Structure formats: structure tokens, C-alpha cells
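Common to both upcoming complexes is chain A, partnered first by chain B, then by chain C.
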Partner chain A sequence: MNTTKESILKEAASSCNACKQCAPLGACIAFKGIEGALPMLHGSQGCATYIRRYLISHFRETMDIASSNFSEETTIFGGNKNFNTGIDNIISQYHPKVIAIASTCLAETIGEDVQRLIYEYQATHTVETGHDPSLPEMVFASTPSYQGTHYEGFHEAVFATVKALAKKKTTSNPFSLHQLNLFCNLISPEDIRHLKEIVADFSIKAMIFPDYSDTLDGTSWDSYQRIPEGGTSIEAIENSLWAVSSLELGTILNTLTQSAGEYLQDTFGVKNFRTGLPIGIRETDKFIEILRSFSSPPVGDLGGFPEKYQKQRGRLVDLYFDGHKYVSMKRAVIYGEEDLVVGLAAFAAEIGIIPVLCATGGESGKLEETLKEALGDLYSDEIAVGQGMTFEAMEETIRNRDLHPDLFIGNSKGYYLARKLDIPIVRAGFPIHDRIGAQHNRLLGYEGTTMLFEQIVNTLLEEKQRKSSIGYKYM
Partner chain B sequence: MIDKNDKSKNADALIAELHEFRDEVITKYPKKVAKKRAKSIVLSDGDNPPQIQANVRTIPGIITQRGCTYAGCKGVVLGPTRDIINITHGPIGCGFYSWLTRRNQTKPVDDNDSNFIPYCFSTDMQDSNIVFGGEEKLKQAIREAYELFHPKAIAVFSTCPVGLIGDDVHRVARHMTEEIGNGINIFGFSCEGYRGVSQSAGHHIANNGLFKNLIGRDDEVRGQLKYRVNLLGEYNIGGDAFELERVFEKCGINLLASFSGNSTVQKFENAHTADLNMVMCHRSINYVAEMMETAFGIPWIKVQPIGAHSTAKMLRKIAQYFGEQELIDKVEEVIAEEMIEVQKVLEQARKRTVGKLAMLFVGGSRAHHYQDLFEELGMTTIAAGYEFGHRDDYEGRSVIPTIQIDADSRNIEEITVTQDEIRYRPRKTEEELKALEAEGMEFNEYHGIMKQMEKGTLVIDDLSHYEMDQLIAKYKPDVFCAGIKEKFCVQKMGIPLKQLHNYDVGGPYAGFQGAINFYKDIEMMVGAAIWKEIKAPWESEDYVEATFAY
Partner chain C sequence: MTQFIQDRESQIVTKGKSNFDLIGGKPSIAGSVSQRACVFCGSRVVLYPIADAVHLVHGPIGCASYTWDIRGAMSSGPELHRNSFSTDLREKHIVFGGEKKLYEALIELIDKHQPKAAFVYSTCIVGVIGDDVQSVCRQVEKLKNIPVIPVMAEGFQGTKKDGYKIACDAMATLVGTDNSKKISPVSINILGDFNLAGELWILAGYYKKIGIEILASITGDGRVNDIQNAHRAALNVVQCSGSMLHLAKTMKEQYGIPFMKVSYFGIEDMSDALYEVAKFFGKEELMDNARDLVKDELKTLLPALEPYRKALQGKKAAIYVGGAFKAISLVKALRLIGVQTVIAGTQTGNTEDYKLLKTICDDGCILVDDSNPVELSEFVKQTGADLFIGGVKERPIAYKLGIGFCDHNHERKLALAGYEGMLNFAKEVYETVCSPVWRFAL
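On to the complex of A and B.
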């Protein structure tokens, strides 16, 4: 089956009901994973406001993003004055350790050179020995909305941060043990915590980035926190160049520039590994295998395999047995960020759900081959793959190809279509703003998969009860 | 103003303290910023409102509540109309983020009625469009939208890069109107995000567009009822318009058009056949009211049907305007009937709400309107301000001639409206208007927020994030009203927040039923047990450590 966008659909010039957001939004999420960072968007204030309100509706957390508030005058004469004022005010109000800057369409279109603005700002704030050491670090990701999606923006920010902070091997190797850089991708705060737990259980010393597990899922406060506690420390990111290996979760990541792992490998020889998001047994097994190979000396009774995960895996397999008849041969539409779609599709396929349509707003050109690789023997011609998709295009595909899906797995934006088709959504990805608890949405590892599996089965059962003329209470 | 008996004992003491706030807050800013912010923080004095700095550029790096021109034009004013296809010309973000996030509702009359509100149309500009221009893509987007839905009207909204690369949305609109034909109405808005100080600039641009492209295109006098009115600046958040429509219908008042809650193209086109315009959100729509008066001779009055008594007041004003006993009696009958349930719920709610304190920082009118509801609940508003208001929204329209026009206002098109040669028809004679004014009716007038607020309470324009934190930490209000951007920060500090941009999951809050909903919601919020659980037992201040007993 031809699976490019062109072949699924007549090419549409416009977008009706997009299945992607803009790049600076993704960058802001990644920046929230740096300890003591305050993100700033260089451009119109509306971008910061829209992105704040959108991220807040998903994470339900405070979300401070500053802006350089361009006016018409600024767009004509350039943004350096606004940039400097913005940085001054951020420093005096927030005392951040890092100011993490992302550009918007406006700044990129008029050709603002933000690296230069940073350089000039630093050059005017010097002490005898050079840069004023009290100045916060500044990192910059170029994220015009007309290039890529929020997913590329996220990875661009991860890459830009590592590149800005892991510059040179100035100190000696601070690590006595093997050190791993774990680039955890755009996942929920709860999943980040789970990953931390897993690497700790494997006795692996790891830098996890971006770690927004606290900054975007905090507790209630005794007193106001200007910048929420938590995040990957600057020092840890600086030292990432000393690590033995990097592990990137997700295999598509950023196709526009480089990934952080690639950068560290090319520049400092940190060996880079990639594996898909560990959703489902197959993908989690792969992930665990990689961790085992890093774990040295081997831990636990099973040659580097803590019994806890043996049990988790066993319980999950048992659960699959218990639930297989409810999900087998069901037809799912899976949509969202590209690597998430791959992970969810691999999981769906292994529990017997047919991912009849795998759709993304992204256009890396890699979705189909990645799906084939991840699904392996479970890949079938029945699967339609669409890149650059909108919900309108998904609807057309579903109708034209008689896909008859039983459920959607994806973000809240599929609601209109799911409602039209009268089928349920199991929510995953970004944004989830019509349900509470997106920050606790678990997908990863055997435990995350357990919760996802139960959610899918229960959603299908609920649907069966709802649509049944007989009030089954024993299913 | 709030009933003296309702105030809690410490409210007066607290209000007496508020003058310290400004000095304490601005010392934390760099000098230049402090100087600027100081002008936007004043103490209210209804009899003699002090001058406040408003509608000036936000200082970079200060985290603001404000949005952009595009948001005001597309998101606020044009967004709620169900049968216009709104195409965002630009990269994907802007269109996506304004995709029904305001919870506007609409009610198609039947299956054939169009409803494009659930859709988000965008030209999704890419790199190559920025380099080579996006006009062709926009044309194609318009063709596609037309082929798919055959709408009566298509509106095009410009985002930042569009203005920079010089795409002419107006020319494209004219071109496509001709190409498609069939009487389709296609028009564009130059509402690039960088244009104004806030979304307020977008409102103005949208008002101009409504007047130029929609109002007055259909002269047919529709509907049987004789009291013909429009309600301007009502956006049907959470179903507000539905409740107001119900009330008007019950009174026998013919609501021709809401601008723009639950609206359609035809309602806009026909709105000039009304005999009275009522302005609800003064900030976002007063321009259209003025234009319709100049062109068609329709007088306008300010109303605020938020709060049961305020709704009653609005209905009485309408009855007074038309001056017919039949309507006056009907309105009184409806008010009496509606007030029965209102009173019942209000009495119940007041057991928990009387004496409590509120702060409101939202919008260009809502921070004012909702004070009526809080007054009914016996709550004192100790601090309030707008996100994108102008001086007249604070100090009253009398200051308009003295407002300095700056570069940011100058780049918004001012359209010249003249008397319509054929259709201009004064709805009241000079003498009739004078007589109504003598009876206390006010035309073309809005007194602003400070008139209502108690002397000495705080009024702050474009509240910064930092100032908000200080307000909460220092004065611990019982309810804070703002939007989603402030919500979780405020709640983390243990103060319930009511979203007044999109009402959380609630509403309607307008009219009589709306007041009832609001009473219940606020009663629930200030009475919720969860706010008492913030501290764990071991964190309790009067925790006594166990000691050995000998």
C-alpha cells in the first residue's frame, strides 16, 4: 500500500483541524526540564500567551514564559532593545540560572540573530576576568513555526541546550562510574519519574534530560516559587560530554537538524544509542536489554535484571492473557507525535489491535519505515500510514477506505472526530485538556503499559455496555 | 457599592492598608520599569477617578496576561460566529491555539444550518511560503474551504509573518470573491500579532471589518416583535447568550443580533434595522456602536447583565427607552418571576460568601461586570484591573478626549463613517432623547470600573505575574478571578481561582439563570473543604512535640 500523504489524499494546500502545534511550544516544554530555567520567546507577546495557556491546560501547572514583546517598531528596527530589556527584567525578577530562549516566526522572518544578541548582551556585562559570572547561562533554539511541528521544536531545544552547555572538556572526568545520558523525549512527568526509578534500579548513574517531572508536576506551595524546583541541573548537562553513552528514546526525533545524542557522539565521542519509546512488552524488552548492557556490574539475581521488572513483566503478560479477547482484532486509529505513534502502534499490534491508521502532523518522511521496523512481523498492509495529516484528512481516509475504527488512541484534539464517528478515545500524547491528569498519564515500561492496556480494555468494555440494548453487568 | 453590613470586620482595615502595595511592589523592579509600573497601579476613587496608565506596551520580560492583536480579532470578536469560515493565514500555531479555546457556544437552528466553530482552518505556512510569498497558498485554501463547505462568508486573518512578507490578504479576498462568485463574501483582516499593545487592537480591527464587510447588507425587517435591539460585546461563553436570548424572548423583546455570541452572517447584515444598541463589553465593541449610531441613527446604552439585579436593571432600561406600558409591565412581571428562584439560591449561597474578599483581573469589562455578582453575594472586591482595558474603561468615557494617541494606536486603521443617505433614521427625536436623559437614562456613556469600586481599593492595569503573587501573598483573597494562565499558580498558593475568560467548565453566568449558576459556583469554591487540607498534620504550626513525662 502506498502510504505517503500524497497517495492517501489529494494534496491540500490548507490545513483544516491540524494534528500538530508550533515549534516554540515544544521548545518551552523542553526548557522547563532545565533546573532554574526561565523560557523566553523572542517575538510577539501573543506567542508566549498562547503557548502558556495551551501548556497550562495540559499540565495544569504554573507556566512562566517571558517574551520580548515586539511592537511594530521592533519589527522594523530589530529586536535588540527589547531583547536586552527582557533579559534585564527576567534577571531582576526571577534570578534564573538559565534563560532559555526560543525564536518565533516574527523574529525569524525579520532575520534576528539571537546568538549575536546573546553574545552582545554578555559582552556588555563583563567583569575584569571576562563574562560576569553572576549572569545566567543563555541557551537558544531556533524554532520558527513554519519549520516542523512542536515535536521538532522540543528536540531542537534539547539539542540546543546540550550544545550550549556541554561545550568543552574543561574539567577532568567527574565520573568514577559509567555515566549514561538518557534523552527521554516528550513524555509525561509521571513517565519521567518512572524512568528515573528504572535506571536507579539498574544501578545506572544517568543524566535524564529534559527532566520536567517536578517543574511541570509540582506540589502545592508554602510560599511562592518564582521558578519551580526541579529539572536537570546545568552541571549534569555540562558533564554529559563525559558520559560513556547516550540513549535516546524515540528513533525519529528531530530530522531538521541534529539530535542531542548525535551531537555528543560527533563532538565528544559519546556513543549514541536509540530505541523506540518503551511502550508494550516488545519495546520495553528492548529498552531493558539496553539498560542491562549499561548496568555494570550486573545487579539483581538474574544477571543484571532486578526481580521487580521480571515480576512486572510477568504480571503484564498475565494481564494480556486476561484481556486479549476484548481487544483482539479491534481497529484503532493512532495519531500524534511521530515516535509516540510508533510506540503506540507497536503496542497495539502486539495485543492484537489493528492500527488501521497511524497518523501524524509531522513530516519527517520516516514514519512508515520506522513503523515497519518497530512492528516487524506484526506489520501488515492493512495499516494506513499518514504524515502531514490533519483531522480532516484522517476523517476522509477513514471514510474513503472503510476503516471502521473501534477506537482512537491519541490527544484531545481528536475528540470532534471521535464524537462524529461515535467511538471512544483513549487519551495519550499532547495536548490532553479535556481530561484531568495528563501529567500522570503513564505509558512507559511494563507498568505504564499495564495501565494503558487496562485503560483500553475498560474503554472498550464501557463502550460495549453503553451501546448494548441489554444491560450486561458481567463482561 | 457593597452593603456595609456584609463586610467582614477586617475588610476596612485591609482596604486602609492597600496604599502600601504600590510602593512595596515597585521597589523590586529596575528603576525605569518601576517608574512605568507605578503609573498603572492606583487607588480607586469613584467620585474623582485618578488617572491610570493603561493600553501602553507591556515591558519585555515581564510576564503579562495579555495576548495579541490576532487573538482579539479572530479569537474574540469573529470567532463565535458560526457560519463564517475563519482562515488563519500563517503558520500553524496561531490557528491551533485559538481553536475553540474560549468555549464559545452556538446553536444551529436546524441540520441545514452551518456551524464551522468546531473547525480550525489555517494555511499552515511553510518555509517556502515565507520566502516566496503565501498569497497563492491562501487562494488555494479559500478554494478548498469553499469546495468543502460552500459557506456564505470567508474571513482571512493575518498573523505576524504575513505582514512582514507583504502578503496582501485584502487583495486576495477581493480576487477570490470575484473568482468564486455566487454572492460569497470574502474579507481579510490585517491583525498581525505585533500590531497593537494587546488583543484590544484586534478588537478595533475586527469592529472596522464588521462594519465595512457585514453590517447593513440586508435591509429586510425580520421578526414580529416590535422592540428591536442588538446586544454588542456578548460572546456566548458557556452559553451566556442563550440565557439572555431566553430572557429577552420572555419579555417580548426582539434581539436581532448579538455581537457576536451565537451569531450568523445574516444577523450582522441585518443588525442595522434595530432601534437600540446595548453595549455589554465596552472595550471590545464600542467602536461598532458608535459607527452604527453615526451611519444609521441607532442610539446606544451601556448595560451589564451580569448579576440578577443588573439584568433587571438592563430590562428596565430597555422598557424605559421604548416607553410603552405594555413592555414596562411585562418586564416587571418577568423580573418578579425570575427573582423568586434567584433569591432562594442567593440566600443559601450568602451563608458562605458574605464578608469574603475577591480580586478580579480579567478582560476589558469582565473585571467590572462581575463585581455586581460579588456584591450580590456580599463579597468585597479589594483589587481589580483589566488585561487590555483603556483609560476610559477605568475612568469613564469622559476622559476619551484627553487620552494620548501613541504610535501603537495610530497604526490601527480609523475608518470614517458618515451618515447613510438613505437609511439614516434617528430612532428618537432630540426632545425624546432629552426627556429620557432627564429621567436618568444615559446614552453613549460608560463610567468605568472605578465608579463602582470602593474608595481606596486597588486598581492595577496589565497586572504582572509578580504583582499577582504579591497580591495573593499579602492579602489572601477568598476568590481570585482571572484566566487559565494564572489559575494554577494562584491555586498552588491555596486560593481558589475562577476563570472568567472561559468560565472553567461552568456557565452561563449572564442573566438570571446565570446569576444562579455563579452563586452556586462561588459558594462551592469558597466552601470547598480541600483548601483546608493544604498543610499535612505534621506541618501544622501548633504541632506539639511529644516530650517524656517523668
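On to the complex of A and C.
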């Protein structure tokens, strides 16, 4: 079977049921990972409102995102005035440490130069010694929604934040130096916490960015927090240029501009590593191997492989053996952001599930080669790979190619189609709008994989019980 | 802080303390975290439930993506409206224009789905890049012989309310274009019910019992041909007046159809609606039927509400919803189950609406227009509210502060209209306010 992307996707003029969101949404998630930051969208009011609503339905947290509220007049004469008023009002209402600005398609189309607006604002707010030190930092990511998807928007914001804050090396090495910049990708707050635990167990002093593990998964409050506690500190991001290395999780990331790791490597010589999202044993092994190489002197037994993780890995292998027959030769449709699709497919393949369709709304052009690399000997020509896919295109592919999937693995937007095809869906990634606990959706590491494996097996067992006339009590 | 507060001063009133009227309809301040949406959103939600039309969003993907199946508007037949169609414009279209893409998309979708009409929503950038959406619509309309209606709803042109008006104008072009439907002389159009959780079907059941036929429902469980015939109804009955009053006025001007404003939430307003509509036709029989219906319904409903009223007596509620008419009904419905409203706000109420809202609220109630999370949460703390009624954007405010919440927005899955809706409402309020989990609140 010819599996190239062209063969799957005939160029349709219209899109039906997209498998992506727009770039500013991704930027807002990343911005929520900066300590003391308030995101602002430069454009019309609806963008902020829609994105807030969309994110609230997933994270179930407050989601204050300001807007410069373009009017017709703004659109004709430019957003200068709204920008300045907007910044003034944000400062007076929120007292943020950072105002993180993302552009919308409207602002970009009328040619707003946001970087210039920032300079002008700063230039008009000075004290005798120059810049007013009480002004918040301002970060800007260019994220018109006609370019890339929410995934590119997320990474553009990560890159833009690092570029804006990690400006230049000062004379001396700061005391608070961390050795590793860990760019953790678009993952759940619970997975971020798990990554923190792992690097700590490997005795690695790391900055994890963007860290929205508290801001988007907080506790109950006594009074309203305008900007929830948590996030990667400005200081840590500033110091990212002093780190020995960067490690980026995900290998496709942002193909439109540059990644944060690339930027730090090119500009400050911070060595950049990349590895896939650590989902499944093989991808987690790769991740752990890289951490071991950073961890010096090696901690724990076996040259820097703490016993805790040996045990976790061992239990996961045991679980694979216990559960393999329930999943063997099952056919899965896997969809979502490109690096997530690669991670999930690599995991599915190693437990004997055939990822019959790997689909993404993204269009980096790199999905197929990355899948081949990650799946290695488990890659087969049976796998259909589609980029720029909508759920409608996925449905057509499933039907035209007689894929007969047994389950979907991906975000909740696939529910509509899974229901139509009468197959179960294991929810993973973003967004999850029809279940509680998206913040705690775990995929990463041996532990995350354990939970994912159990969820998949139990979903298939539930399906089998539900469709059985007998209703077995032992499965 | 001070400037911002001053700018908002005319939009916050405490009944019994401030003696000025609340000003509605002001644009949101730049830099605010408004709970309001845009013009496009207003048009999209109003037209959304028309189930046998293609709704094509012309623009980059976001606007279509965020409105995919956004309303729980149910259909008894086709479900074309539950798809999210977009031209998914890319950079090349921004540079070279998107008209060709729009044309091709329309042809493709009409051929594939055979809709009864197509609505084309222009988003923020469409006007800026100079696409002539109206001309493309005309061309396709001629070629495919179905109405292809441009909805010029660029997001920046105003507020959600302006979007309602644009949607009404779009529908007005359909009204009066067909006369084929068989209709009864005792027929009404229902305007402003969106058949969330099947609410329209509850209302239709009441009207049927009274002997009144619904010609067109605009737009819940909506059909293009019904709207085309809507000019032949005897009366327009308008709920959610913020969104639909404009269409009612247009139809009055063009076809002389009278209209009346009603609400279907709560016993009082629901019963008033049925009586008023029955009275309009001037037939004693209809009036008798309405009285019998209300009597029957209340006979079972009132005792059923009693345990909830007892449990909820003295609880306090905050309301922040889209339109003022809904807020007014909610204040009354809450009062019926022993709950006092301490905050009443809306996204799109006008000055007149707020005057009315103020008269029915108790002293000390805070009235607010176009609020934001910071204000709302402060009011909640100030008043000690036990319950928040709003939409998804308000939900985390309530839950973070450890108080109950009821969804009264597009996404609700529970019918709240009519008598059975009132019981559902009481039950929902009880389930959230009286949950034992709040003992863990800080």
C-alpha cells in the first residue's frame, strides 16, 4: 500500500471538523507556564473569549486572558491605542511580572508590529535611569491563525519567551545556575509534575518550561487569584542561556521558525538534545538514557539508573506480559499533535497494537519519517499516515481503506467519529472536553505508560463485556 | 487600578445604595478579561441550530474549530449543523485572496450535503483582505439554486449583540421566499428558543395541547423552509429578546406580523407566556385550554418543588448570563425555590433591561454589566453567594471559591424551560448547593 501523505489527502477546498485549533490558543497554554504572567491577545475580543472557554473546558481552571479588544476603528487606524490602554489596564488590574502577548490573524493581517508597540510603550514609561524597573517584562509571540496550528503556536510562544528573557550573558555566572533546560512540550500538568520528579531523582538541577503544573491544575482557593501561583520563574528562563544542555521532548516541534533549544544552542552554545515524548518502554528508555548521561556523578545503582525506575520499568514489562493478549493485533486510529502521535504510535506498536491510521492536523511534512524512525522494526507499510487531516478526512480514509479500527487513541474531538463507527476511544492529549481529569491524564515515563496501558486494556475489556451476550466475570 | 474602576463605574450598581441606572451596551475596555464574545460568535450561535443548512466559516481555522458543536441544540431530523465547516485560510490566501477557495468550498459542500441553504460567515480578516463574499454567494446561489446567504460578522465590528442583529438580517432574507407550507390560522413562530436539551419540544407540547400550531421555530430544531414560510404566521413569540427582537421587528415592518416578548423559565413567566399567546387569538377555547394546562402542571409541580424550597430557603445566588431577559426570569425562578439573588449581571443587557432587572431584585443586589472574573469573584466573596448561575467561563470562578454552580448557557444538557424545566432547575440547584463537598471549602 502506498502510504504517502499525498495518497491519503486529496486537496479539499473546505475543511470539515478540524483536528487542530489555532496558533494563539497554543501560545496561551505555554504562557500559562511562566510565573506571574498574564497572557494578552492582540486582536478582537472573541479570540480571547473562545480560547478561554476552550481551555476552561479542558483544564477546568480559571483562565484569565486579556484582549486588546479591536474595534472597527482599531482595524482601520491600527492597534496602537488599544495596545497601550490594554497594557495599562492589565498592569493596574493584575500587577503581572510578565505580560505575554500573542497576535491574532487580524492584528497580523493589518500589519501590526507588536515588537515595536512594546518598545514604544517601554520608551514612554521611563524613570531617570532608563527603563522603569516596575514595568512587567513583555514577551511577544507572532501567532496568526493562518499559519500552523495550536501546536506551532505553543512552540512559538516557548521560543519567543526564551528569546525575550534569556537576553545576554552578564559578566558573571549566576549563582542559581541550573544545568539542564527541559522543554517539556504540550503535556498534562500531572505529566509535568512527573518529569520534575524524574529529573530530581536523577539529581539533575533542571528548569522545566513551560511549567503550568500549578497554574493550570491548582488547589481550591480562599479568594480569587488573579494570576495563579506557580510557573517557571523569570529568573530560571533568564538563566537558561547558562545551562550546559537543553533537552526538548518531541522531535518535530515547530518547523515554522525555531525551537527554544535551537535558539539557545545557536546563540549561546547551549548544547541541544531532542528525544521523542517518553511514552512506552523504548521511548522512555531513550529519555532515561539521556538523563543518565547528564547525571554526574551517576546516582543509584547500575550507573545512574535509580532503583525506583528500574522497578517501575520492571513492573511495566510484567504488565505488558500480563496484558498482551488483550491488545495483540488490535487496530488503532491514533491522532493529535504530531509528536504525540509519534509517541502513542511507538507505544502502540511495541505492545502489539497496529496503528492503522496515524493522523494529525499539522503539516510539518515530517510525521511519516519520524514515525519510521521511532517505530523502527515495528514500522510497517500497513500504517496509513496522514497530515493536514480533518476528522472527515479520517473517516473517509478509514472507510476507503477498510481499516476496521478497534479503537481510537487521541483527544476527545474524535468522539463524534468513534461514536459513529461504534468503537471505543481512549482519551489522551488535548483537548479532553467530555471527561473529568484532563489535567491528570498521564502518558509519560514508565508510570504514565502503565496507566495508559491499563486504560487501553480495560477499555477493550469493557467493550468486549458490553457486547457479549454472556457477560463474563473473569476476563 | 483607579482608572479602570472609574471606567467601569457606570456599569456596576447596588440596589438600594446607588441611585443611578446601570448603563448597558458599552464596548469592553482594552486589556479587560471580558466574558463577552465577538460579533461572529453572536451570529454563529443564533443561526447555528438551523439543521438543514451548511454553515461555512470563511477564515482561518480557529473560529470554526471553537464553534464546532458548541450548542446542545437538538434536531429532530438532519444534523448538518453539528459539523464544523471552514475554508481554513492559510497565508497564501491572506496574500492572494480567499474568494476562489470560498467558491470551491461552497460548491464542494453543496454537492456533497445537498443542503437547503448555505450560510457563509465572514471572520475578522475577510474584509481586510478584500474578499467579496457577497458576490461569491450570489454566484453560487445562481449556480446551485439554493439560498446562499452571506453573514458579514467580522468579529471586531462590535459585540456579540451586533452579531445577533446580523444573523437576524440574514434570516430576514429567507423569510417570505416561499408559500408552500400548509399552515393553520392559529399558528405562531417561536423566536429565540434554540432547542437546547430539547426545550423546544417541551414548549411545542404545551402549545399543541392549547391548540396552537408552531409554524417556524427560529432557530431551535430550525429548518430553512419553515423560515421561508414564517411570514405567514399570525404571531411572533419572542424569547431571548436580545437575540431575536430585531427579526421580530423586521417581520412586523415587512409583513405586519405582531410580536410579543415572553420567557419560558420559571412558573410565572411560563404561564404568562401561554396565557398571553392564547389571549392573542381571542378564542375562549384556547384560553380555557391554557388554564387547564397550567392548572394540571402546577398540581404536580408545586408539591414536587416543596422539598427543594425547604432545603434551599435562605440561600444566595449570583447570576451572570448573556442576556437580561434570562436574568430576570432566573431571579423570579430562584425566588420561587427560596433562593435570593445577590448578584445579577449580563454580557449584553441594555439600559432599559437593567431598569427592569433592578425593580425585581431585592435591596443589596449588585447589578453589573460586562463583568470579568476579578469583579465577579469579588462580588461573590462580598455577598457570600452559595450558588453561581452562568456559563462555562464562569464555572471555575464558582468552583475555585467553593460554591455551587448551574450551567444556564448553550452547553447545558438539562432542559430548564417550562414546568418540567423548573423542576429540573430546582433539582440541579439543590444537587449543587446542598452537596456535602463544600464542607471542604477554604
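Methods note: the second predicted complex is superposed on the first by the 465 of 475 C-alpha atoms of A that agree within 3 Å, B and C clash if a C-alpha of one lies under 4 Å from a C-alpha of the other, contacts with A are read in each partner's own complex, and residues count from 1 in each chain.
The rule is short, and it goes like this: a contact is a pair of C-beta atoms (placed from the backbone, for glycine too) under 8 Å apart; a residue touches a chain by one contact, two chains touch by 3 or more.
Just so you know, these numbers come straight off a predicted model, no measurement behind them.
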Superpose on chain A as described above, then tell me if chain B and chain C fit or clash. clash
Considering only the touch criterion stated at the top, classify A:I90 as touching first (chain B), second (chain C), both, or neither. both
One more residue to check, A:M63. First (chain B), second (chain C), both or neither? both
First, second, both or neither for A:R53, with chain B first and chain C second: both
Tell me which partner A:S134 touches in the superposition: chain B (first), chain C (second), both or neither. neither
Is A:T124 in contact with chain B, with chain C, with both, or with neither (first, second, both, neither)? neither
After superposition on chain A, the chain A residues reached by both chain B and chain C are 12-18, 20-22, 24-25, 40, 43-54, 56-57, 60-72, 74-75, 82-83, 85-90, 92-93, 104-106, 109-110, 144-147, 149, 218, 220-221, 223-224, 392, 413, 416
Seen from chain A, its contact residues with chain C in the complex are 12-18, 20-22, 24-25, 40, 43-54, 56-57, 60-72, 74-75, 81-83, 85-90, 92-94, 104-106, 109-110, 144-147, 149, 218, 220-226, 392, 413, 416
Which chain B residues qualify as touching chain A in the complex? 28-30, 33, 57-71, 87, 90-99, 101, 118-127, 129-130, 137, 140-141, 144-145, 148, 159-161, 163-165, 193-195, 199, 407-408, 411, 465-466, 469, 472-473, 483-485, 487-489, 491-494, 534
Could you list, by residue number, the parts of chain A that touch chain B in their complex? 12-18, 20-25, 40, 43-54, 56-57, 60-75, 82-83, 85-90, 92-93, 104-106, 109-110, 144-147, 149, 218, 220-221, 223-224, 361, 392, 413, 416
Please give the residue numbers of chain C that touch chain A in the complex, ascending. 1-4, 27-41, 56, 59-69, 82-91, 93-94, 101, 104-109, 123-125, 128-129, 155-159, 373-374, 377-378, 381, 391-393, 395-397, 399-402, 440-442
